[in-house]
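What follows is chain A paired twice: with chain B in the first complex and chain C in the second.
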Partner chain A sequence: MSSISHHDRQTTSLANKIQEVTGVALQNCYQCGKCAAGCPVAGDMEMPSCQVLRLLQYESPDYDRRVLESESIWLCLSCDTCHSRCPQTINTPKVMYFLREEAVRQGLAHPKSKDAQAFHKAFLGSVARHGRLHEIGMLMNYKVRTGHLFQDMTLGSKLYQKGKLELLPHGVKDKAAVKKLFKRTTGNKE
Partner chain B sequence: MSRLGVFVCHCGENIGATVDVTEVAERCKHMPGVAHAEDYKYLCSNPGQNKIKQAIEEHQLDGVVVAACSPRMHEPTFRRAVTDAGLNAYMCEVANLREHCSWVHEKADSTTEKAIDLVRLQVEKVKRNKPLDTIQVPITRSALVIGGGIAGIQAALDIADSGHKVIMVERSPALGGHMAQLSETFPTLDCSQCILTPRMVDVSRHPNITLLTYSEVEHVEGFIGNFKVAIRKRARMVDEDLCTGCGECLQKCPTKNVADSFNEGLSMRRAIYVPFAQAVPNIPVIDTENCRKFQGKKCDRCAKACPTKAIKFDQKDQIINVEVGAIVVATGYQVMGTERFPEYGYGTYPDVITGLQFERYASASGPTQGVIKRPSDGKEPETVVFLACSGSRDAAKGVKYCSKICCMYTAKHAMLLKHKNHHAKAYVFYMDIRSAGKNYDEFVRRAIEEDGVKYIRGRVSRIYEEDGKLIVKGADTLLGGEPVEIKADMVVLASAALPNHGQGELAQKLHVGTDPYGFVAEAHPKLRPVETTSAGIFLAGACQSPRDIPETVGQASAAAAKVTALLSRSHLAREPLVAEVNRKPAPQFSDCTGCLLCETACPYQAIGHEEIKDRNGNVLKTVAKINPGLCQGCGTCVSLCRTKAIDLHGYSNEQIFAEIMSL
Partner chain C sequence: MRIGYYPGCSLTSSAREYDESVRAVCEVLDLTLVEIPDWNCCGASSAHVASEELALSLRARNLALAEAAGLDEILAPCAACFSRLASASVELADNPQKCQAVSEVVGMPYSGGVKVLNMLAVLERFKDEIAAKTDQSFRHKVACYYGCLLVRPTKVAQFDRVEDPQSMDQIMAAAGAKPVRWSSKTECCGTGLSTITRTELVANLSGRIVADAAKREAVAIVTACPMCQTNLDMRRPEINQKLQEEHRIPVLYVTQALGLAMGIDPQRLGLHRNMVPVELPEPEPEVVTTDDDDED
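After this line comes the complex of A and B, so read on.
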């Protein structure tokens, strides 16, 4: 057989890793642009989702790097509009999540992604400790990590008055199980 | 003792590379009953066939085994060759050394051994072959055309013009199909009805065509050349012989609020109606679901108005039985409705319409006499957005395939809008422009270059209403996926073409195959495009897959040519490989005990029974009898018969057992 099939694509490409890890086949995208058309943040992205997928389709190291260094992958809200409307049922949010993880792994994450990364860490840290989210603890952690100490303070006090924020954490009973869960999924990194 | 000839073919390298062909021929020479054996490079070639003929004469052969490719490929070739040399065609058998041996095994001694075994089987069979003669089946020299759109009209006219009788069945009350609904046609912009209606009249006036409108195929049995079809002629409640088409009744009907399906629901009609002004036949129909009389109310205004007393409220459906030799399926398509698109409003926005509805607005015979208006408030839209690929090429929610006609009619729609309203703005969202066809791409370019239609490459994600406008949210992939938002007055969906409703049931009645989408399947995608999987049943037009008018007409004429070729013969030659109930001398007469289990088991209704009588007419025995014209040689009765009274010619029990025992 002389034609190039998906069996003999270069194995190190990002597209290949994505298919392996998330099961999303990027070659199915036929660039109709319906994802970008419905995306609430497409206007803020330097390249909208359809272009991210297009660059990945090339399977070239340069384009892969351009995607990982982009801010776009950090702007995705995971609202799933693109996925639910995609005529080819491509799970773009799943791809975006993978790309963020990969960007962090390779140290290529966009400088503006710091806040998002801090939030992820604060959120997961809280869950790891208590087995469920402790909002105030997480907020404090986030503020310390980012230095946005006084951001949204008025909103915070309103939330507190309405009883949405608890001072002390309410942990789950079996914390060992949570620890085990985290160990298994993260390989004991965090 | 028989004198057989064995001819082993190398098939170039196809057999020769893995099977030792010379060895096969050599070993065959020593098989009992074989008088001659040889091998040759290409037996199907002329010199190869001549070798067989010469050998038959030279060695006085009475049977031939050709060891070559599949009998599907060249059995007719070799049978013709032995007939030329004076043998009966059925004294020649083919051992399949290519598909069953050389192609599926490596080169080895065991492969050659298997090839020899395959030849031995056929040698044992041919020894027991009996000369058979082809069965001549008479052909009913008339055709049935199902569907009265442009495909059916063209096929019916072509068949009728060649001198054969045609029965045409149309489900709706009038001929014309979707083509009658169209305004102008691409790429010439000539009026669709103007070119169609003369053909409709031709059909109704043709001496060879019997037109049955408001009728459906109820039941089909039989086979190529001899179909028996029951047609349900639904009650019109109007006597077709008495009605003069004056239209008095239509004016008097008090029910005025029935959605007009000819106008795609964009206008209202009465309960007694003629679908459109030029309808053929011009005879009204009473829609019993909406007529007051049939809802138990007192009303007979139409009957009172009728000057010829043609209204018959007590008319009943009629079943008409016809016999035909060939059938043409021309049942067309339907379009996907707007309710199938959640992100475009689930059909709740009145100003989101289908392409077919736009055709009705653009048509001079439509609800607005050709002025393009929007359904919600009847205003002329200033900005119209056309969405190509609505439902097509959408594996997730629509259909996977390309509906083929949408690119062209969308360009036409945008063009018509600009021609009728010079200030209007037309936007087309598209994925690809598929305009292959004579003068097609020029037509699309004309829409863009001369009429200023704006083409935007991208799919639309969502449509919603805001301040009396439809907000169309798309993206321009040629600008790197930049979001585009258009405030439109009307949106036209070029919605996917689907198999017509009822297509599946009809396919079952006809025993024709369908593709995964439900379209009628062709016998071969390239070489037999107008034949179905059932012999004697042909297809034309969009029932096979979406297609435009020129293609449909071409295909209909092709189907008609196939039908006339079939009907030009008085008899059809069939293979004599049929089952027969044996006969024996008196007093046994036959092994058949007359249990007639076979009669009910036969899938082709080919088995009946006969009475064996003495000279005085007394019945001595009742035995099964197989009609060789209907028998397809499937062998069901053979395996079922408890007394082994039935045998299949060409595949008798004796032959099969001899083959097995030779191994």
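After this line comes the complex of A and C, so read on.
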């Protein structure tokens, strides 16, 4: 890793924003690596969690961008193992969450993140409409959004045979209350 | 005794057997479940992608509904719903200002006093009754699998030991079972964001857990989380393909296992809905303890 002079630091660095929004102070991480040692997906990440944090500590635009474009931030499972073991109680999953949102906002999100984004849209759409999740409706919506129309088809019919899928949604009665709640908190984006 | 009940979306569809077995076991334990009237989805991991406020409000509406129904404790058997609702409950407790703000969004008063309990925390209170309602013939080696959300984040879960939890082992032991010692109790099954979008990675993570349980010669994996159950059970074909092994170890909800130990009809416990067939071998032989067989 090339060293970066402290003159390059930006006040609008990701580290700054992270501290502002999530309250996590990245400079407290002293790179012991305990987080990555227990992370179930560290081996699948091009840079494990402690490296993500290290890059952010430099507060350089190049490194910030590298983090936002990475696939790693989308692989975090929010399992909280790192956080619960960190001697500095750094809330890494919270940081990862923020980084994903920021990557989407800046249009830098890794191409492989499309499915995850589509999944959340389909999920929230279902909850906004019914107040509860309607799994089949949500899955159909997700599959249309992603084009994965035939993936999991046999599984779907097996689930249906087992009585595990409801064809019709059983929503809340007070749909107006849920609609209002969505409207007030998201400006009705969903 | 009575307690508020939040089934959550999974328990009304893909995890229906969890709901069925919870109800059956609670009936035997004389615990009346009062379903929160008109409960809504907790927002799972998707709500705070849209907005933190949306996530908090969806959870808070359920707490407010419970409070209005005079319930000060609610049981959320789904570990994911438990984690979301508990995080809201913890965030709102002792914070009248936040309660006020969220009450306005939800359109209902909420004073911050509702406590959310997971399935194990409730069953723990009934250990003596469980022992009394079983004939102790369920002497099966089981692998108690907790996953992430029952113990982490510690501030939210406020439950059991984070690295080597014991509650489920003790509950199952009370029913006569023989919990194995193993190190995958709180490993992540891979649910996170990825159950659907990243099947391959999930098979890898879940596969390690299944293989570990099998290596310890457990005859069943016992869980209290629909996400974990789904990954270990429904994704078994992918797991076996990944491992190039043929693992047939069933994955039971803790209430299904308890129900079997209590002699409840398997149909009522929804055992026919499990994907990996639930066929348990003969129980372990009975150990006759003599006087000098001091237990530690």
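Odds and ends about this structure:
Definition applied: the second predicted complex is superposed on the first by the 175 of 190 C-alpha atoms of A that agree within 3 Å, B and C clash if a C-alpha of one lies under 4 Å from a C-alpha of the other, contacts with A are read in each partner's own complex, and residues count from 1 in each chain.
The definition used in the following text is that contacts are C-beta pairs under 8 Å (C-beta built on N, C-alpha and C of every residue); 3 or more make two chains touch, one makes a residue touch a chain.
Keep in mind the model is a prediction, meaning the values are calculated, not measured.
After superposition on chain A, the partners chain B and chain C are seen to fit next to each other with no clash.
When both complexes are overlaid on chain A, the residue A:Asp80 reaches chain C alone and has no touch with chain B.
Chain A is touched at more residues by one of its partners, and among chain B and chain C that partner is C. Once chain A of one complex is fitted onto chain A of the other, the partner contacts of A:Gly163 are limited to chain C, with no touch recorded for chain B. Once the two complexes are laid over each other on the shared chain, residue contacts for A:Val172 go to chain C alone; chain B is not touched. In the superposition on chain A, contact of A:Gly131 is made with chain C only, not with chain B.
In the composite built from the two structures, the nearest CA pair linking chain B and chain C is 5 Å apart. Contacts of chain A with chain B, set against its contacts with chain C after fitting on chain A, overlap at residues 81.
Of all the residues in chain B, the ones that touch chain A in their complex are 343, 389, 393-398, 431, 457-462, 473-477, 480-484. Against chain C, the residues of chain A that register as touching in their complex are 40-41, 44, 74-81, 83-84, 91, 97, 101, 115-117, 119-120, 123-124, 127, 131-133, 135, 139, 142, 152, 155, 158-159, 162-166, 170, 172-174, 177-178, 180-182, 184-186, 189-190.
Considering their complex, residues 9, 12-16, 38-41, 43-51, 53-54, 57-58, 61, 105-107, 148, 151-154, 162, 186-188, 190-194, 196-197, 201, 205, 234, 272-273, 275 of chain C touch chain A. Here chain A touches chain B in the complex through residues 30-39, 42-43, 47-51, 81, 85-89, going by the rule given at the top.
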